[in-house]
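Chain naming follows the written order as A, B, C, D and E, and within any one chain the residues start at number 1.
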Amino acid sequence: MASIELRNVRKAFGAVEVIKGVDLEVRKGEFMVFVGPSGCGKSTLLRLISGLEDITSGEMLFDGKVVNALAPSKRGIAMVFQSYALYPHMTVYENMAFGLTLEKGQSKEEIRRRVEKAADMLQIRQYLDRLPKQLSGGQRQRVAIGRAITRDPKVFLFDEPLSNLDAALRVATRIEIAKLHEEMNQVTMIYVTHDQVEAMTLADRICVLRDGLVEQVGSPMELYENPNSVFVAGFIGSPKMNFISGDKAKAFNADTVGIRGEHITIMPDNGTWSGTVIHTENLGADSYVYLEMGTEEPVVVRLDGANDYKSGDVVHIAPMEDKIHRFDGAGKPIR
Amino acid sequence: MASIELRNVRKAFGAVEVIKGVDLEVRKGEFMVFVGPSGCGKSTLLRLISGLEDITSGEMLFDGKVVNALAPSKRGIAMVFQSYALYPHMTVYENMAFGLTLEKGQSKEEIRRRVEKAADMLQIRQYLDRLPKQLSGGQRQRVAIGRAITRDPKVFLFDEPLSNLDAALRVATRIEIAKLHEEMNQVTMIYVTHDQVEAMTLADRICVLRDGLVEQVGSPMELYENPNSVFVAGFIGSPKMNFISGDKAKAFNADTVGIRGEHITIMPDNGTWSGTVIHTENLGADSYVYLEMGTEEPVVVRLDGANDYKSGDVVHIAPMEDKIHRFDGAGKPIR
Amino acid sequence: MATEALAPPATGAGSRIKSELTQQRLRAARWFLVPMLIALAVVAGWPLLRSIWFSFTDASLNNLYGAEWIGFGNYLRWQVLESGTVRWRGLLVDGAWWNAVWNTVRFAFTSVFFETIFGMIVALVLNAEFRGRGIVRAAILIPWAIPTIVSAKMWAWMLNDQFGILNDLGMRLGLLSQKVAWTAQAETAMTAVLVVDIWKTTPFMALLILAGLQMIPKDIYEAADIDGVHPVKQFFRITLPLVRPALMVAIIFRLLDALRIFDLIYVLTPNSVATKTMSVLARENLFDFDNFAYGSAQSTLLFLLIAVLTMLYIWLGKVRFDGGDR
Amino acid sequence: AELSIVSGDTGNGLAFLRSQLDKFEADTGHTVTVVPMPSSTTDQFGQYRLWLAAGNTDIDVYQTDVIWAPQLADQFLDLTEAAKDVVGDHFPSIIESQTVDGKLVALPAFTDAPALYYRKDLLEKYGKTPPTTWAEMEATAKEIMDGERADGNPEMWGFVFQGNAYEGLTCDALEWVMSNGGGQIVEADGTISINNPQAAAAIDRAAGWIGTISPEGNLAYMEEESRGVWQLGNAVFHRNWPYAYSLGNGDDSPIKGLFDVVPLPAGDGEGARSAATLGGWNVAVSKYSPDPEAAIELALFLSSAEVQKERAINQSNLPTIEALYDDADIAAAQPIIPAWKEIFQNAVPRPSAPTKTDYNEVSSMFWSAVHNTLSGNGTAAENLELLEADLTELKGDAW
Amino acid sequence: MTATFDLWKLTKSVLFYALVVFIVVVSVFPFYYAILTSLKSGTDLFRITYWPTSFDLGNYASVLNQGSFPRNLLNSVFVSAVTVIGALFIAVTASFALSRVRFRGRGLLLMTILAVSMFPQMAVLAGLFEVIRALGIYNTPWALIFSYTIFTLPFTVWVLTTFMRELPVEIEEAAIVDGASPWVIITRVFLPLMWPALVTTGLLAFIAAWNEFLFALTFTSSNDTRTVPVAIALLSGGSQFEIPWGIIMAASVIVTVPLVVLVLIFQRKIVSGLTAGGVKG
């Protein structure tokens, strides 16, 4: 466990500035999730924290000590790479045990026990003797995770660790990671993901990044309920929040109003607004209805269970008034 | 567009049989999604269809003609690889244009037009001059998609093409792919994913694979509502269906009963079953409550919106009777 | 000969489907191999077979075409003396030859051993990022770039006991108490040859290893950094296994070269028993003495010895011939 | 016709050859190209053998070392007929050395014989005269060397020669042995004479020089290395071929004008006399030459008196025609040449004629035995005994 | 950042640069000495100096004026360049077959190729001579180009095969799906990824051909067709035993400089991370 602090951290690749001054504190033992659009700098930030990439300017502190120049190996971290970065010449077992064999005072049995435990958890026990190239994508990803969790670091850095796993395994692994977090004396974890569920369920706090800058940091429900910008509002939650501007928003005294698909009810006849169904999607447990009603993007309404609206149907909808988010011209919320 | 038929197709790597006799028909213009646990053989099957991997035995037909031996380049396919497989020395533009430049009779402008169209669609226009190593994971993945869609194939093969994209982009790209499917004269698409939403929304039909064998093929709702095995029932839908066996199941005249989290209601006082809350998860739009009630895995109940159950609370629940799935000892449904 | 072998490997039982892709690749492979095979057959096939053939004849350079087949006579023959004792003659019982074999093998292994180590060090240095790297790379290649005949003579000059700069330097720096005749004495002559050979061919090793180093994916070093792998350990556990293929090839070719060492020994040392190598012997017999057939036999045996050593090396070093294929 | 001549001649020699060829071309209308070869005789020999063995038609005339005739005899034309008018002018011993089984293999172009170079100034300084015996040489060398070293030249040595294991050592050692009355390794009739006490004594004496009056490194010296020591002024005596004479008198030479030459010292005991190994070059005509007539014409030209005279004047090469030693022009241009006649008359041929095609191997065995002795691997007696056995085996029934 | 940390870092880089300097000095010193020698003449040659005492370009002038040295230099360039280009061309295609296509007897074939390099050069001289005369290319640059294949080809084939084996399969597969033929895969996909290997083998083979002596001496018989190593061996002093050190060193410097330039130009291509970003795994 370690607390991590970033002070006006910047990173440029040549002329391109990718991290544009990030201030962030990750508390001791916290589970911090980074989310943000593809290319916003999540992996880069993670690599800066790991020490693999030098920061261009600013300060990075671990437990209050400046570590700008500290070698990655001395930071007490374990990391899962987005690109896996497995050792191609080592078997799965060796890949996972490698870090451990280097630590002093680890007996062979102890290492084997720990590797096997991780392998069991990740259901890759039967592949321990294979080389990475003989594995499927998801199996490789699990080896990458396994390699990180067999070790005993102060900080875990996960870069989209579950993206290639199937739903069931994903849930299982997610829960294991949460358990790990609890068990390991609340080790500090930083986790990049695109998965809403992962972000919402794992995070103590979520950090929303946008284009190299921190947009908002807060607990999942805080972000969900009180996003402090249109961007965050749109980014957190799936399906995306619906944004309505123009006259319809004016009626609510705002430049833009946002309302989530699950907070819209379809009215039998008259509602606040009306629109034409252009598409429906059926996910089993719930379903989405896409409505054309003159907004930039179609408005999505989420319904429980299946529905039988057809394209072309005209429906009336009503937002739940207390769930409406109002934003001003600058995209800031009006409270 | 082409119809694809697999007859008892098998594939072994050395002594390990990975595809164990698959019979499958992908119809002309169909959007077929492969799902299945990690390592079940999805990528391998895709590679067999692409011709990159020779089938060990069986027959593969494109439009009724045996193509067992046909070279990939002659099958009229485009493919997105799970590991991207970008040309590291080529810029994004060159990566996307490479296939086109190899085709005869493509003018420079035509190629540029098509690449730029794809790049716009995938929001990577500004990266056209970069090398893959200068891109983020999601950007690389989009280049891989772009490379496939600039070409004009009869069959698209996508191997987890969206796994590294953020939610918004994912939805957008998903919709673009659906649009592509419609526009391109209903080109045949085979798509591997782990994402329930993608599978459910994109697929005309889903093929559930398990351990090298086809478990069930059917439309998304068919699979959701009438899974023909415990496995499919458990695999389709998120969170996973809850399975209850033993005495509680006996009461329903089955060895195992399955009930999805969204089909369970929490009763104020007395319900069919009762359990202890061990964990809750809040996703914003809905929330999950995990109950310990003597089953192998905790029972998950899905509730709309947030909830405020605490670990240790004892609650009563009732399944919606008409949504209960009953399975016999062999895991087959009882109807 | 080898083209017939150009069929896919037989797999298990049953009729494997030979796909068009595989066939196309095999066809391409065949076409790709043909120029090389023709080139090698023409340029090397005839001369090699001719040499081997000569080794079974009594050929002499005075009478190359009238050579007569004498079977294994050059390798081993015997004479029954009147006293009844049998006298064995021929290459296989030639003490000078086996002495040369021993000299050569000792030389080859020592020099390749040190070259590998120094080559690796140099390659690692060159692999690091620093200013002026390009110039250093060029500088390092200089020993390899100077023609052997020149560098051998140059070193002979530098090692000279009277006006050699090395003795002078050694005296000035206080490393030597008196001038040493490096190449004149049997004990130091071999060392001198070794030093020069190592100096000359380390760049070859270094450059090949460097190329190998450059092909290693960088991201796994990041993983290793994270794993807290000490750089030394990284070298042995990651770098070494991953440059191994390149290293192995470099060593093979250096070994082949070292086992055929000629120029350096020839120019640098007095032609004494202590430093004579197989090639030097073979050259003497081929051209200087009137023993062309015997020289051919020595060359052939040298070839066989190298082949055996190479095969041993490939087997012990577990050099793979596969991988990379689809 | 278009002829080509291959020559290992060097710098000035090559230029001289070209100038003579120009004359030849003008006289005869033939054209001649020179194919130069590296100056190492061993390299040349291997090359020529290969070319001849393969029947190379591109070369018509070869310049050959004096010892090659028996080994290459089969591939050269017999010049007896063509040269019958001029053979008489040459030293008979040289003509004999180029005659194999009655066949005149090559015509002599010039000859060569080494001498003892000594430092006039130093000998004067210590009141010595040029030595006539090895023992004298040794003593003088030692005395002057010690004296000079004490005087502040720690680099000073007594005697430098060619001690590397190569043909040059055969020459040097043959001189020691011969001058000590030890025979010439293999006698003209083919008997192997080397294993005798006088020969052993001569070689043992030489072995005693190493580390005392000669540097250890002498064991690796060829002509140039020894000349280096000598020409830096760091040796009292030096054994070398005539070429070192003009170089030592070059403008930048520290010993310019400070040295002179005398015949090599004699040994002691029965039959002792000064001996110098015979060197020299000849021209031979390839039997594969497409135009042998013209080629023979060229060979005759190159060995003719007029060319030899030019050569002597320009190159200070020793003529093979006896009459030229009395030539006034030569005496004027190269005063040393008449003086060298004495040295030349003491010249001994290496046993290339009796040993025929095996000469190189014989020479190699001999120099190895000597080199071993010099480097302290066994005494001369032991090594010569082994040598005799080896030679006997090599000889078999007959050479 | 504590002071000790800085100190350690400093020591490390000092040690590193010391190592660099040491390596450079050891590599270059004899060459430096050659340059020194090339600026001397006469008895000066036998005197030991560490710094240039005179600056006499006479030796260079005489090298360039002597015989056909400039011509020999051109010959060398032509022969080495054609040899290397030819060998690389043949080797690149062959190594694709040997590294990426699985067929029976591949190991045997590789061994056979290697076996060619196991014979001492001198031993094949006679046979090669016959072949060259039979082909009618004796005393032309082609004789050298032809005979140099005997050592450049096995080397280039083996090295390129080894390196090509290491390229990720996925990238090749992507190209196959894109409709690339093996030829296109080699030229447009693999070659750009193999620059370090190509440049390295090219340079090493070039230098080997550049410095070859024995074949060059045997298979040419006129000044106009000879290459520099032979020309250097032919450089000679006034008389038989005299070795013209100054001139030889000048010539060596002259022939080494183009190689150094060549290395300087091509070493830029020896860069790492060419395959980075292509695949994950």
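Definition applied: a contact is a pair of C-beta atoms (placed from the backbone, for glycine too) under 8 Å apart; a residue touches a chain by one contact, two chains touch by 3 or more.
Only a predicted model underlies this, so the values are computations on that prediction, with no experimental measurement involved.
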| item | value |
| --- | --- |
| Required minimum of steps from subunit B to subunit C, each step between chains that touch | 1 |
| Other chains in touch with both subunit D and subunit E | C |
| Pair of chains joined by the greatest number of C-beta pairs in contact | C-E |
| Intercentroid distance (Cα basis), subunit D paired with subunit A, Å | 91 |
| Between subunit A and subunit E, centroid-to-centroid distance (C-alpha), Å | 53 |
| Subunit A and subunit C: spacing of chain centres that average the CA atoms, whole Å | 56 |
| Shared interface positions of subunit D, touching two or more other chains | 50, 53-54, 228-229, 232 |
| Shared-contact residues (touching 2 or more other chains) in subunit A | 82-83, 86, 88, 137 |
| Junction residues of subunit C - those touching two or more other chains | 21, 24, 64, 163, 217, 219, 283, 286-287, 292, 326 |
| Pairs of chains found to touch, sorted by chain label | A-B, A-C, A-E, B-C, B-E, C-D, C-E, D-E |
| Footprint of subunit B on subunit A - complex, ascending | 13, 35-39, 41-44, 82-83, 134-139, 142, 159-160, 163-171, 194-197, 200-201, 220-221, 224-225, 234-240, 260-262, 281-286, 302, 304-306 |
| Residues of subunit C defined as touching subunit E within the complex | 2, 5-10, 21, 24-26, 28-33, 35-36, 39-40, 42-44, 46-51, 54, 64, 121-122, 125, 127-128, 130, 134-151, 153-155, 157-158, 163-165, 168, 199, 203-204, 207-208, 210-219, 245-246, 248-249, 252-253, 256, 260, 262-263, 278-279, 282-283, 286-287, 292, 295-296, 299-300, 302-303, 306-307, 310-311, 314, 321-326 |
| Parts of subunit C lying in touch with subunit D, wherever the complex brings them together | 60-64, 156, 160-163, 179-181, 183-186, 189, 269-273, 283-284, 286-292 |
| Sites on subunit D touched by subunit C in the complex | 42, 45-46, 49-50, 52-54, 71-72, 74-75, 155, 163-166, 215-221, 225, 228-229, 232, 234, 357-358, 360-361, 364, 367-368, 371-372, 375, 377 |
| Of subunit E, residues touching subunit A in the complex | 1, 5, 169, 280-281 |
